[in-house]
Amino acid sequence: MTTEWVLTLSCPDRPGIVHAVAGVLAAHDGNITESQQFGDPASGLFFMRVQVELQVEAEAGREALTAALAPVTERFGMTWQLDVVGRRLRTLVLVSKAPHCLVDLLYRERYQGMPVDAVGVVGNHPDLADMAAFYGKPFHHVPVTKDTKARAEDRLRELVAELDVELVVLARYMQILSDELCRDLEGQVINIHHSFLPSFKGARPYAQAHDRGVKLIGATSHYVTGDLDEGPIIEQDVERVDHSRAVADLVAIGEDVERRTLARAVRWHAEHRVLLDGHRTVVFR
Amino acid sequence: MTTEWVLTLSCPDRPGIVHAVAGVLAAHDGNITESQQFGDPASGLFFMRVQVELQVEAEAGREALTAALAPVTERFGMTWQLDVVGRRLRTLVLVSKAPHCLVDLLYRERYQGMPVDAVGVVGNHPDLADMAAFYGKPFHHVPVTKDTKARAEDRLRELVAELDVELVVLARYMQILSDELCRDLEGQVINIHHSFLPSFKGARPYAQAHDRGVKLIGATSHYVTGDLDEGPIIEQDVERVDHSRAVADLVAIGEDVERRTLARAVRWHAEHRVLLDGHRTVVFR
Amino acid sequence: MTTEWVLTLSCPDRPGIVHAVAGVLAAHDGNITESQQFGDPASGLFFMRVQVELQVEAEAGREALTAALAPVTERFGMTWQLDVVGRRLRTLVLVSKAPHCLVDLLYRERYQGMPVDAVGVVGNHPDLADMAAFYGKPFHHVPVTKDTKARAEDRLRELVAELDVELVVLARYMQILSDELCRDLEGQVINIHHSFLPSFKGARPYAQAHDRGVKLIGATSHYVTGDLDEGPIIEQDVERVDHSRAVADLVAIGEDVERRTLARAVRWHAEHRVLLDGHRTVVFR
Amino acid sequence: MTTEWVLTLSCPDRPGIVHAVAGVLAAHDGNITESQQFGDPASGLFFMRVQVELQVEAEAGREALTAALAPVTERFGMTWQLDVVGRRLRTLVLVSKAPHCLVDLLYRERYQGMPVDAVGVVGNHPDLADMAAFYGKPFHHVPVTKDTKARAEDRLRELVAELDVELVVLARYMQILSDELCRDLEGQVINIHHSFLPSFKGARPYAQAHDRGVKLIGATSHYVTGDLDEGPIIEQDVERVDHSRAVADLVAIGEDVERRTLARAVRWHAEHRVLLDGHRTVVFR
């Protein structure tokens, strides 16, 4: 029986890394189907992602492979991760009222093989409960006011724990998470910001963009950190606009950019294509 | 004999503008070949650009047409401009050492029918004199140091006057013009900034972009005002980059974005397609 | 009470058209908010689209405006159409099993203000009935086999008549309409073909594209004529792919190109932005 | 002393390839700076490109590395190539009258570090001699008529031999090379075709595109084979156009697409990023 694995790793760059990793895989008769490497001269780090077919069962294979890799990962001081290709990441989607990102994520999960399993949808408004229901997803209404904000975050933490959540997606969730929650879930929360960061941080970016008269509007998907709109960027995209577009038009046009930018970021994250390089990302597409 | 004219105008929006303008043109048996209108609800202004064939000679036609339009332009309080389609704008190109924008502009003037006539090239360094010479353009070496900055600007003003310059293009000219000169030449100076404004204003934008880890780099062509990097935007474009690109790579990739962004802005300006709407632009492409 | 109208027209090009049309609108105190004109030297035809605010009620206005325009439309031999801006076109969507185009159209109707009213969904397979139901749309299962093809077309004609359908959208409907039906509904049926036409006509375009090793895949939305894949093109778009993509990947990537290409074509048609110029289209975006 | 090498290879896919190659490089204390691999399930071939720093001089290193690699390349039946990163490929550029591709290639060689050395320019018309001269390139006027075609090809072969040419670029050279010459130089001749192949093969592609009413025009850079416009595609790009563009406009807009598409193909070829996979290409960008 053949299982396809994906191994991602980073470590200080020095000769012999690829050979050492490939050696372990070759010793298991592994057939490399896709691989990319990158050495960053700026940070001095080396990054690698490899997909490999092994003649072992999924669970037994993980243990054997982990044990076999241990001498290599220790010798090079690697940060690494091993997963079965196509395993669906347990994902919690947070929304407010705007439907476009949620509609697109659920569509892609069901129909396009995006390897996420949306185990729940949380809304601080109830508007999108019917959309979640259509796709068979439990909807949790967790209202947020100034007074209930702390309680709402407790509920989020409960859901993350209960549902064994691996990834939180802020799909145009119009609330700011506390610094503490950001820290606790670091690297596991992806946001979509409706501007081409670092332009137009903060509130009402399309109104800012209209006022400045830009000729392209954009969206940015990034990991969430305590530093608002400053987390590591995973993906960005833009769309051409002209003088005839009012702010409301920019909002509507922007929805298309937002949903496709977020969808790519979520897919790449779920396929283990995104590695952290300080406050930047390496994306092996 | 047929001459094709281009008329551009803006005025406070109210009913009857198009009819009044079209009436004058129809009275001269004008055949409209291309026209666009736009009413901006935000500023309350109406903008129009019309190309029209008239059975008159170029110079006599200007006078007759101007006289015939006078009642309409006065009645509606229009800001307007009339020119012969294809007339080449007398243009002064300012450069430093980087060749990419100059190479492209001169190529487009000679081979692609861009309606500019580069009557001179000014460099604060002598590096690009040979390129100017190849295209038969007088090159003026006007060095700029802290001490000679005022004198250099005087020389620029002299050249603008002597050469009857209608448009100044800052083709990666690495000097900042004084507020006074910016004001005096308002609407006649086009700059290319090597970032997707308003991101990465000021110095070394590609280094800033690399540090922030953006996934697209861009360029912005805008009219120059006293407010650095804040003038009305004419055109912007971007190019996709990934983690593997060092700052030097971004600089090289960016050169292609810069030259095409600047070339479009200059062409549209020279074809009278760009109208000012406060600190924004209307571009009738 | 103000109503905004959209008038589209085409006729043999000659002086005075704009003035004549603008005159009628000015006589009704109309305020032009958006207008575009184009004279095609190849066909000798002139095209115009104008949005205008009038101080009349929607239905009474239509009659008055039509009467007032009559002398002009007759004098110039115009083909013309008048509608209220934002009126939703009664639309029948035909599908097979692939959900991506249907999902996107229904999403855009409900959430993005696309001015269509999908009065029914027809599937030759029952797979997408639940999606139609979620959006509150009647689903008609009309199976098609070699033997039932004629009967199925009769059913389509019945539905078009009963539901007063103005637009039929083939949203990846995997059946070919008969020549006769194509002729009867000419200019009212929009298809999405999953290649960058005229490349890869006919069946399995992504397999053809993979075999040829193209570096961009595309989609084409066009009016349906009796001549398969040869109807007037409304919109095309592409997406970059590389050697690593198998045919199945191209299919998945292509779905995004198809749905956005079709959505634009349907929106522009519904907003009366598409005019026929022989077997080409004029699109006033 | 450190030299950076680039090794490219392809062979039937089976386990152990990466490990074997990485082993040779590790034995020479090589530091891998960039590497990509791809296994094509369709052809059953494996492709690899690796850049590696070695502590040897350029020429001595080549011999040592070749000897060390021999057991591996033989064992796996590899087609392979070894070069020093940045070495400039000796290139002959063939032109007719259109300047845009030549201007761009010479600019990129001089100013943008494209690793080609244009050792000569051949024109069947004399028009571009001055451009070649400006960049210090010998220009060879080799006219082609029906009667002199064979003699002209002999002259081309002489130049290829005398100048030790490694790459021939058809930079809008409006002559068709003979089947025999195509075969003899297989994999060493890059052409730019002014359409998005396979659309609009043959003559006057922009006129064909205009007639068909396409909404994007494109260009295709490919290796030349005896089968006209059918060689393996290296790169394609497109540009949006609309109904208002006449054939002459498409030609002018297309020039920009052509020059950037050809420039990318030439650069990637010169950087050994393009590998042949039957009649398709693998491009490790």
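Letters are used for the chains, namely A, B, C and D, taken in the order the chains are written, and counting of residues starts over at 1 for each.
Keep this in mind: contacts are C-beta pairs under 8 Å (C-beta built on N, C-alpha and C of every residue); 3 or more make two chains touch, one makes a residue touch a chain.
For each chain, UniProt lists the protein as follows: A, B, C, D = Formyltetrahydrofolate deformylase.
A quick note: this is a predicted structure, and the numbers were derived from the prediction, not measured.
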Fitted rotation between subunit C and its twin subunit D in degrees, CA, nearest 5: 180
Most remote chain, CA-based centroid, reference being subunit C: D
Centre-of-Cα separation between subunit D and subunit C, whole angstrom: 41
Subunit A and subunit D: spacing of chain centres that average the CA atoms, whole Å: 37
Where subunit B touches two or more other chains, by residue: 34, 38, 244
Residues of subunit B that touch subunit A when the two form their complex: 38, 40-42, 196-200, 212-216, 218, 232-238, 242-244, 246, 277, 279-283, 285
Sites on subunit A touched by subunit D in the complex: 13-19, 22-23, 25-26, 29-39
Subunit B-facing residues of subunit D, complex: 34, 99-100, 103, 107, 111-113, 130, 134, 244, 252, 255-256, 260
